[in-house]
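Both of the next two complexes hold chain A, though its partner changes from chain B to chain C.
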Partner chain A sequence: MAKVQFIKAADVKPWLAELAKEHRVFAPSYDGEALLFRPFDPAREIVLDRAATMPPKKTVFPQSEQLVDFTYSKDPEDLSRIKIDARETLPSGSTVVFGSRPCDVRGFTMFDRVYLTEKTTDIYYKARRDNTLFITLACASIENTCFCNWVDSDPCDSTGSDVLAIPVSGGYLLETVTDRGGKLLSSKLLVDGESKKEEAEKFCEEVAGALGAARDLSQAPEKLLAVFDNMEFWDEVSAKCLSCGACTYLCPSCYCFNITDETIGMKGKRLRSWDNCMSAQFTMEASGHNPRPTKAHRLKNRVGHKFSYYPAIHGGVTSCCGCGRCIKSCPAGIDIREIVLKAIDFKPAAVEE
Partner chain B sequence: MTKNIYLPEMATIQEVIRETHNIMTFRVTLNNPEAMKNFSFKPGQVGQVSSFGTGEATFVINSPPTRMDYLQFSVMRAGEVTGKLHTLKAGDQIGVRAPLGNSFPYEDMKGKDIVFIGGGIGMAPLRTLLLFMLDNRADYGKITLLYGARSPVDMAYSYELPDWLGRDDLDTHLTIDAPYEGWQHRVGLIPNVLLDIAPSPENSVAVTCGPPIMIKFTLQALEKLGFKDEQIITTLEKRMKCGVGICGRCNIGTSYVCMDGPVFTRAQLRQLPNEL
Partner chain C sequence: MKYQQELKDSIRKALPDLDVVIAWSGGFDPLHATPHFIRREEDIDKLEIGPFSVHNLATYLPGLRGKKVGIVVKGCDSRSVIELLQENLINRDDVTIFGFPCTGVVDQSKIRKALGHTGKVDFCQITSQTVVVGAGGEEHKLRLSKVLADKCFTCQYPNALISDHFVGEKINPSAQSEAGYDDLEAFENMPLAERFAFWQKEMDRCIRCYACRNACPMCVCRDHCLAESRDPHWLSQEDNVRDKWMFQLIHAYHLAGRCTECGECQRACPMDIPLLLLKKKMNKEIKELFQYEAGVDPEATPPLLSFKMEEENIKEREW
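Showing the complex of A and B:
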């Protein structure tokens, strides 16, 4: 364990105020009934006793962002000739996210394997990813929708974070995870945390124990492919689905997007926006043909992508961080864990006549 | 400086050819002379063509890499972007992100007899490979082309057909679905005509592209003629956005059509989950 420091609970806001002088700072606070990562405002209460309704996905991957800016200009000699200038619009500035959870931040590591590869770099994603730091808070309370331990994580997992904050008596122990995270820990409000280390270790042990036994998902990739053509299976597990897409928008590891153009007068922009694989439009072709024509096909792809295709491409890593938001927020009560387990346990011989 | 994969190269339409009532061909050059000079691609690769303000759609570059005066895209009017592209004329500006995707295995096909079977707009991806092979004629064996459309007026590249028919190093067969006044070639559905021509599978590769129903029966016909799955090549289409395997909509299981395709052998297709 690298250098550890301690911050009193009452000093968190003053510390964030210091950080906000140099960075855009986001912390969880209520917006109506939704607990969201919002720009730091000393007047707002920061809520750390539960996981946020939405993960801080938009800090690195905005719900809608501009990729290209373009302008039309007419040739004065021939008004039917329109010249188009297109320019890239890259984000700038640095961001600190305080109070993200281990599952939230692990979601970005699922992005990284797709957005930052040897062959292809998404420079918009990279610009934000490189300049966004996460001070992640270990989870003190486990909900019955939490299953991070099924996907190789735990409530004190620091993967992808820059600083890990662990609740201890009177405040938080702050562990440096990355060098750039260490630079956030120079405030005079912080004191040496060595004496709290043992308490923090005990905290992590206890909270990991509270998760219950993890289910083994190692067979999921193969078993999900085995039921690929069994549409009875998929019709049944998707029967309740309303195709609302809440699961995708709330998911820290859902990274699909759409690209659309908008114009006003002689100006326009090309936007990238979160897309939703549960929508029929997602794969609808101009001819009218749709390779995923029903919600059963679409749910199959969502579950298959996370628990079968992605792990097959990326060295066995499941593209699910176990945060449970898709379960908690599904208006129809669909539980992705049940679908995966059902596929794993599925016996072809059990098909009813 | 890392390349921006989403920023198109600006390009100018040099020529527009109206092929049929719903297909137009655009010959374009990149505005940046350096980019045009350095542009290289392989037959079968695709590009994202932008009409700024409407959006992007994916088309095969159907001119061959051996003829680089312009890049050619043939566009069948189907949706918003293609509808907009059909209003453009020579001199208009578009965006091009290319080349994307894999290509025909033209190296592995050297020394073999080639059978092209194209239906309708499906001739576009075949055209790039056909012309590439004609420009490297000595590398390939007998080349047979079977090209069909609903009627003579639905046949794209009609202005090239006399040359293709006249060449003695290319065995061209044209067919239409139903009799048509003045038509001097075959009448009949592509799979039936294929069985009639009966190309030998010996040391051969068949490359086919066209509407799904034609592909389905053409594959059956090829099988009947003795073509093995490894000897049959086709191209797939999906709705695409990014074109580089990120945006997440064109996958069939673990394969991304934009990146791992659009060219697949029938043997490769059999390995994929059934979600065409």
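Showing the complex of A and C:
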């Protein structure tokens, strides 16, 4: 049986201060009007009653990271001979993310199937993933944009987390999810939480109920393929799309990147930075041909990838965790749920005899 | 909204000659609207106009060139349409403009701030004075004037400046003065080091999603933007303030005398970066130098689209 402990709400900051001695600690606090996972600072208010504007994606998958640094050197005897000295720049140190939501953290499991496979391992991703621990906070507050229960999750889902914190009277019940998570629970500020277990269970039941009935998306993979060539469908659902990257960059399960070299003189660095399939450049080929020339093609890819192509190669798992940020932060108010449901309900016009 | 039915009737009459009419409908919750593309008669019923009609729909016009497009505009949006016409980016014959008297739109960030966190929003009732939001079994009452967009307080053009069909009675601007640059002037009075620190902090959280750029009706390079270009290589893809800020400055410079201050850049920003401040600075300079306001007169030539041997207010020979 997993170890269950309790922490008083007032002890959260002191606990994080303890953890910060050993790890980089991130917690949600406001930067302007945006609620972000920021380095723990005792002077800052930690805001836990609402989902953050951004998921903690950057902690494992930085917006831009250096992969390699390289130096060119010329052979003084033969200047046409150029040597390149290239070195990997691997991240080091360990990180604890506190206050992430189940949907936020579950997103990384979508990354894992791509970056940590039997065939290939992304060493940069692995270095951070292996050394980042998540103390996830079960979701107390359901918003209009929440739909984690449509995609096989729930507000108390601990998938991908190391510790699950559940709000109970006076503080949080802390459940060990992984062994390494258990090691975070050695503080003297924590007490046995056995007596609060029932309350926590009740909490999870209630909050799951608050989500309302889930829509059945089991037909989505097949139905999205059925409308793949129907550009009229995609032109209509993408009409209001602005083709920006807000949905992608705020998405806990979007993992695409671009690689660019920045060179000054004989020295340079190779960068990996976030990229998004809403951008025309994303599929632009060297020949000048673009297989996804319009925003309709691009939005089709985003929806199709999450609800059809990804599940097709990853055991039926939808690559969406239902956090709803793409809906909430879309400047044009595009609702991905609406598009998926439209595809499921789509009936081709009857062919006239 | 008072004139909603009249607007629907007007669109119904015009729709047979148009490929699409762009308006607004209800969004993902009672506090949001969303752009609504009307193609068929039955789409008209969903149309809603009111304080949540925040989006400047003119942004969609250049992308629909060659089609017969109807567009519903607030006064401020109509200025973007005029600017697009002035720059020959859209064809007047292809665009049918529906205007209505706008009494202001909300600023979603202000609502979020005023409401605090409410969780699921169940309903919203708006009168001319108040916004009542129902969430979690509680009612939250806000004064509409507390959550209106800043631009509405200084609005000089509540009625579309150009339209083919105008529903309702034109109203007088409610703005008391041309105080539109008060915030900018306050900012400019800050010491340089503080202004620099302000932008360093604000730009730090930019995620380079370019919602600001894509929501801007006057940002018309679209798929050929220097933000992603390798040749010319203006910007790197690094996550640093220098590159992010550089993009915003390039954007602002290209909008000097073209920006109609619709504020879509700032509204679209998921990180709530106060981008309009940069655009306002450029416009204030343009106003002082050329006595020009963008998107007001379809017959005028924007100053940066013209050339004079001797400028009236730029005495470069005396420098």
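Criterion: the second predicted complex is superposed on the first by the 344 of 353 C-alpha atoms of A that agree within 3 Å, B and C clash if a C-alpha of one lies under 4 Å from a C-alpha of the other, contacts with A are read in each partner's own complex, and residues count from 1 in each chain.
Just so we're on the same page, a residue touches a chain if its C-beta (ideal position, glycine included) is under 8 Å from a C-beta of that chain, and two chains touch if they have at least 3 such contacts.
Quick caveat, the model's predicted, so the values are computed rather than measured.
S.K.: Sharing chain A, do chain B and chain C clash or fit in the superposition?
M.R.: fit
S.K.: Scan A:Glu143 for contacts with chain B and chain C and give back first, second, both or neither.
M.R.: In the superposed model, A:Glu143 contacts chain C only, not chain B.
S.K.: Is A:Asp335 touching the first partner chain B, the second partner chain C, both, or neither of them?
M.R.: Touch partner of A:Asp335: chain C, not chain B.
S.K.: Applying the touch criterion given at the start, work out whether A:Ala246 contacts chain B, chain C, both or neither, answering first, second, both or neither.
M.R.: After superposition on chain A, A:Ala246 lies in contact with chain C alone.
S.K.: Is A:His305 in contact with chain B, with chain C, with both, or with neither (first, second, both, neither)?
M.R.: First partner only, chain B.
S.K.: When the two structures are overlaid on chain A, which partner does A:Met54 contact: first (chain B), second (chain C), both, or neither?
M.R.: second
S.K.: When the two structures are overlaid on chain A, which partner does A:Arg292 contact: first (chain B), second (chain C), both, or neither?
M.R.: In the superposition, A:Arg292 contacts chain B only.
S.K.: Between chain B (first) and chain C (second), which does A:Asn258 come into contact with in this model arrangement: first, second, both, or neither?
M.R.: both
S.K.: Measuring by CA atoms in the overlay, how small does the chain B-chain C distance get, in Å?
M.R.: Nearest C-alpha atoms of the two chains are 8 Å apart.
S.K.: State which residues of chain A lie in both footprints, the one left by chain B and the one left by chain C.
M.R.: The overlap between the chain B and chain C interfaces on chain A comprises residues 258, 260.
S.K.: Touching residues of chain B toward chain A in the complex: what are they?
M.R.: Contact set of chain B toward chain A: 2-8, 10, 52-57, 78-80, 82, 91-93, 95, 212, 237-239, 241-242, 244-254, 273-276.
S.K.: For a test of understanding, state which residues of chain A touch chain B in their complex under the given definition.
M.R.: Going through chain A, the ones touching chain B are 67-68, 70, 72, 81-88, 114-115, 120-124, 126, 225, 228-229, 255-261, 263, 268, 270, 272, 275, 277, 282-287, 289, 291-292, 297, 301, 304-305, 308-309, 312-313.
S.K.: Spell out the part of chain A that touches chain C in their complex, as residue ranges.
M.R.: These residues of chain A touch chain C: 31-34, 36, 49-50, 53-54, 62-64, 141-145, 210, 236, 239-240, 242-246, 248-250, 258, 260, 262, 271, 273-274, 276, 279-281, 327-329, 331-335.
S.K.: Which residues of chain C touch chain A in the complex?
M.R.: 20, 27-29, 32-37, 39, 55, 59-60, 109, 112-113, 117, 119-121, 201-202, 204-205, 207-211, 213-215, 222-223, 228, 230, 236-239, 264, 267-268, 270-273
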